[in-house]
Amino acid sequence: MPLQVAGEILSIKKVGAYQAVTVIAPGIPELTRPGHFLAVQVGGPESSMLLRRAFAIYDVKDRGVYGGTVEFVFSVHGKGTAWLSQRRAGDKLDVVGPLGKPFRLPKSAVNVTLVGGGYGTAPLLPLAAALRERGCRVDIVLGAGGSDRLFGLLDAKRMADSVAVTTDDGSSGTRGRVSDVLPAVLDKSQADVVYACGPMAMLRAVSDIAAARGIPCQVAVEESMACGIGVCMTCVLPVVGEDGLTRMVRSCVEGPVFLGDRVRWDDVGTVPADAVGAPRA
Amino acid sequence: MPLQVAGEILSIKKVGAYQAVTVIAPGIPELTRPGHFLAVQVGGPESSMLLRRAFAIYDVKDRGVYGGTVEFVFSVHGKGTAWLSQRRAGDKLDVVGPLGKPFRLPKSAVNVTLVGGGYGTAPLLPLAAALRERGCRVDIVLGAGGSDRLFGLLDAKRMADSVAVTTDDGSSGTRGRVSDVLPAVLDKSQADVVYACGPMAMLRAVSDIAAARGIPCQVAVEESMACGIGVCMTCVLPVVGEDGLTRMVRSCVEGPVFLGDRVRWDDVGTVPADAVGAPRA
Amino acid sequence: MTDMSTTLAGVTFPNPVFTASGCAAAGRELDQFFDVTQIGGVVTKSIMLNARSGRATPRMAETPSGMLNSIGLQGPGIEEFLTKDLAWLEKRGARAVVSIAGGSVEDYALLAQKLRGHKAVSMVEVNISCPNVEDRGQVFACDPRASSNVVDAVRRNTTPGIPVFAKLSPDVTDITTIARACVDAGADGLSVINTLLGMVIDTTTMRPALAGLTGGLSGPAIRPVAVRFVWQVHQALPHVPILGMGGIRTGLDALEFVLAGASAVSVGTTVFGDPTAPVRVLAELQQALEQRGIARLADAVGLAHRPPETYVPERPDPVGDELVSTDVFEEHS
Amino acid sequence: MTDMSTTLAGVTFPNPVFTASGCAAAGRELDQFFDVTQIGGVVTKSIMLNARSGRATPRMAETPSGMLNSIGLQGPGIEEFLTKDLAWLEKRGARAVVSIAGGSVEDYALLAQKLRGHKAVSMVEVNISCPNVEDRGQVFACDPRASSNVVDAVRRNTTPGIPVFAKLSPDVTDITTIARACVDAGADGLSVINTLLGMVIDTTTMRPALAGLTGGLSGPAIRPVAVRFVWQVHQALPHVPILGMGGIRTGLDALEFVLAGASAVSVGTTVFGDPTAPVRVLAELQQALEQRGIARLADAVGLAHRPPETYVPERPDPVGDELVSTDVFEEHS
């Protein structure tokens, strides 16, 4: 049950290549679980930008001096995030959330490996906390283009049993991709379950590695979204259902978290010929 | 020769029902004369508002600590001025100016009456200063809806030989319109020339009073403008030329200052049948 | 309190603010944000006979004050729609306007039959902006005869008394010809307008931004075009009720459509940025009518068409012609 | 340095960025802001045979990311245009694209004759979005035959070698039919697009906001529609040069039009908010082409029509089909 809240920015601060925004948005924290996301209005009342921008929820505080707050982390990508980066504390920010299906937690205290790419680490940190609370072993793999894009490294080190780092440019940790180090981490930690959030190519690689080992894997995908609430059908990708049939499903309400092996990675961006309702050739 | 300047707001402050904005806009002050106006971009880079807003120039300073500045006074009318009212010192403001034909000054030290309505007084104050410099007698009539909309009263009192005030609600001066007190002022001051700026209905009344007495009168009109620089033809009104023919002339480049008796007040908002190029019935 | 009820071809709705087809799914998601029984009606996403996967992604591009979409009518097919979506709307007590879409006249006829007698259906909207598979993919709504055939088939197969509205495309030279053809074929009203065909080129890939190449443009960007079409259709067919839409964001926007001739309005794209928009627009429209002293919404419909008030000049005597001497002033340098 | 020159039907312009008719007068005012000889050409406000007062005011309304105008082709008539405006452009050394407009085929023929042999004319743009007084005010551009007759008359009366471009209206069902009719009648190229017919209702007066009731919608709001029309016309007539326009604000916007098939572009409404826009757009376009490694503007024309690169998946082996056990996870509550 998401809420639309006319919020106010409590703080906005630089974190490496990102900015972290905390918004006073009473009601949202209580409903939020790791993996949920927010949809944020951008540009002000006379803006030419009509659509909300989606951001994974990083942190929430049920109550504070100002009421409940919700925090997200973003990097400047286009016009909307450029506008957001110019906001200051005290500015209004209309947010809708929590949205989407969050990560499902393991029933028991299993060994869990989390894989985050860039700002994709943000939703994994509250997940790590929840997993620790359940007594899970938590190993984290963080990857990014460069060290300024490694979000949450300190938090990860504080919470995890181990942290492995990769960067494309070698500025931190191992030069390379998370998929280069993941197999070793999975072996060492005896992982029972994998969670991942980051760029689509990374999610695919992680899903494949997990699938090859028969390890269940949840991924939080990122598809272009017009509404974020399930009414527009822009955010679909081909996913295999319980019945074995492929459907074009809405990543905003049926995701963003999917089982990695259910997503037809090869066919993302297409409608596979065997999808339900696909055009007949 | 107007300039387009990527300016910066030096200050923005409330003055009664108005706000006065001072913009650092090097180059513009040197070119400005009383009656010139500015065209201001509103809404920021991703705004849905494409068109500039026109404001009469109130004050200019050739050089200051920050370079030349230009000041204008506005009231919130619609979306663009609402946006403007939210600006703060340090914000960028793109301005084009000086635009239009300014007031023409008398050749000799004659008696001048200035009539300002609401924010229309703004361009009359630098005009008063220029007239004083030439040794003119200056009498000022100010009118507005209420006392919070009487702009520049103190300045007027400091500069003028006399100041008469009218308000619609009687909160200052005489209850009524400037046209109620103008005849007496013209008589008392033995006015040779009248200048007016304010709402169209007021300009019309002033023009008529001046014309009835055979006193030359210049008015600064306000017509809806899309470009302000003479390229779009949206800002026209019917004006009688030297040759006695009526033409639909652009108030942004051939005005905003016109001789009061040249404007066909009855026909503003129409194309008179005898205008050059009017559709044949 | 202005009476907000509106009667569309004999069926009275408590108020004139509806959702727009394809912008509200079947109401369930929006019901999380506001009570969908509070608005005039829920216009459902156009449904086809069979399940449709829609087009490949990307399916959308944001544009200045608008967006392009090329969803390709993804949906579950009429059977699942009836048992899931329409059943939910019925249980919820919402007024359902069911939008139907097909690739042939036959499809439309079958869809209308499927809906026939269903208590939950308050109205049928016929989305004729679909390619006619039997005519080289030519869009029905661009041809008066094809439009007429579809409307006729739907009207014949729809429960009598349930209004059938034909939804017109703006991508035509003369909308009044199409409007007339639809009305002559039995349309009880007209939905005006569907999206404008548009395209965005991605300057990075240097290819069309949408997988489907072209898409439909919606949002405030198209509002002046939509208002013009509503005006034209109302002028041509003043007695035919219009469901107006295209870029409505506020109550005053809705009022523009009403004044131009719409008896009800749909709020579409705005919902994506503001999920509670329909109830907000309704409240704002009601307030605007009250402020203008209009007692009944129905009195405002088409009001902008009335002849302008005769112009009474404030001061009747014209300015004299003699030119006043101006040589007291300096010339501009 | 990308070669920015563009050749339109045999005439080479140093670069592809022009002003738009009616958005730059005859160049003199903009020359205060930038050197008008630096852009491809100055497209002048459509000129008619005789002086025209235009429509009553209000003549404009700002709309979301756009504006409506109903100027009504105010202008001094061709004689004064020749002696004042064109003479100024000639003296200034600017390339003049003269836009002409008439109420009959005869008007257009006479206008072309008046321009014939005038050295300053680089190109003629025929504004056919005018009401045909001989055909109940039906707009020429909405009818292939009427468009064809106008273009034929202009082409016959225009100096050979001087390109004649027909400017198309977007308010039509099938632009390619009109485009073909114009080309068959001798148009050397096409200007795409003119404004879309629109309307705004003033919610205070509850009457149309423009004195002329309807007006032309322009600005970024219409850009996706304009790009789509350029794409369609280029696809239908790949060898016909296109002057593309509609909502261009930046160099990347201009690039969209070029990739869709335009050999040159006009910057119109944007000039009102940003008088130096044409030179800025030119610089941005040049930079964008350079960044993309495109050596000649001409190589980018229509590039978005090329077939998409064959998709090479990053990792060719597909994901296995067997379902991984998921019962380790809790269900959502």
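For reference, chains read A, B, C and D in written order, and residue numbers begin at 1 within each chain.
By definition in this document, a contact is a pair of C-beta atoms (placed from the backbone, for glycine too) under 8 Å apart; a residue touches a chain by one contact, two chains touch by 3 or more.
Since this is a predicted model, take the numbers as computed values, not measurements.
Any chance you could name the chains that touch chain A and chain C both?
Common contact partners of chain A and chain C, which must touch each of the two, are B, D.
Which neighbours do chain B and chain D have in common?
Neighbours common to chain B and chain D are A, C.
Tell me which chain's centre, taken as the mean of its C-alpha atoms, is farthest from chain C.
Using the mean of the C-alpha atoms as each chain's centre, the farthest one from chain C is B.
How many Å are there between the centre of chain A and the centre of chain D, using C-alpha atoms for each centre?
The answer is 43 Å.
So how far apart, in whole Å, are chain C and chain D when each is placed at the average of its C-alpha atoms?
29
How many angstrom lie between the centres of chain A and chain B, each centre taken as the mean Cα position?
So the centroids are 56 Å from each other.
I need the residues of chain A touching at least two other chains; which ones are they?
Residue numbers touching two or more other chains: 48-49.
Among the residues of chain C, pick out those that touch two or more other chains and give their numbers.
Where chain C meets two or more other chains at a single residue, that happens at 64-66, 219-220.
Linking chains that touch, what shape results: line, ring, star, complete or other?
complete
For chain A, which residues count as touching chain D in their complex?
48, 101-102, 104-108, 110, 192-193, 201, 204-205, 207-208, 210-211, 214-218, 240, 244, 259, 261-266
Give the list of chain A residues in touch with chain C in this complex.
1-2, 4, 41, 48-52, 94, 96, 223-224, 226-237, 247-248, 253, 268-271, 275-279
Inside the complex, what are the residues of chain C that reach chain D?
61, 63-66, 68, 142, 171-174, 196-201, 203, 206-208, 214-215, 217, 219-225, 227-228, 231, 247, 252, 255-256, 259-260, 288, 292, 300, 303-304, 306, 308
Spell out the part of chain D that touches chain A in their complex, as residue ranges.
Touching chain A: residues 64-65, 220, 313-315, 318-321, 323-326, 328-332 of chain D.
Give the list of chain D residues in touch with chain B in this complex.
Per the touch definition, chain D meets chain B at residues 22-25, 29-30, 32-33, 45, 50-60, 62, 64-67, 69, 71, 74-77, 211, 219-220, 269-276.
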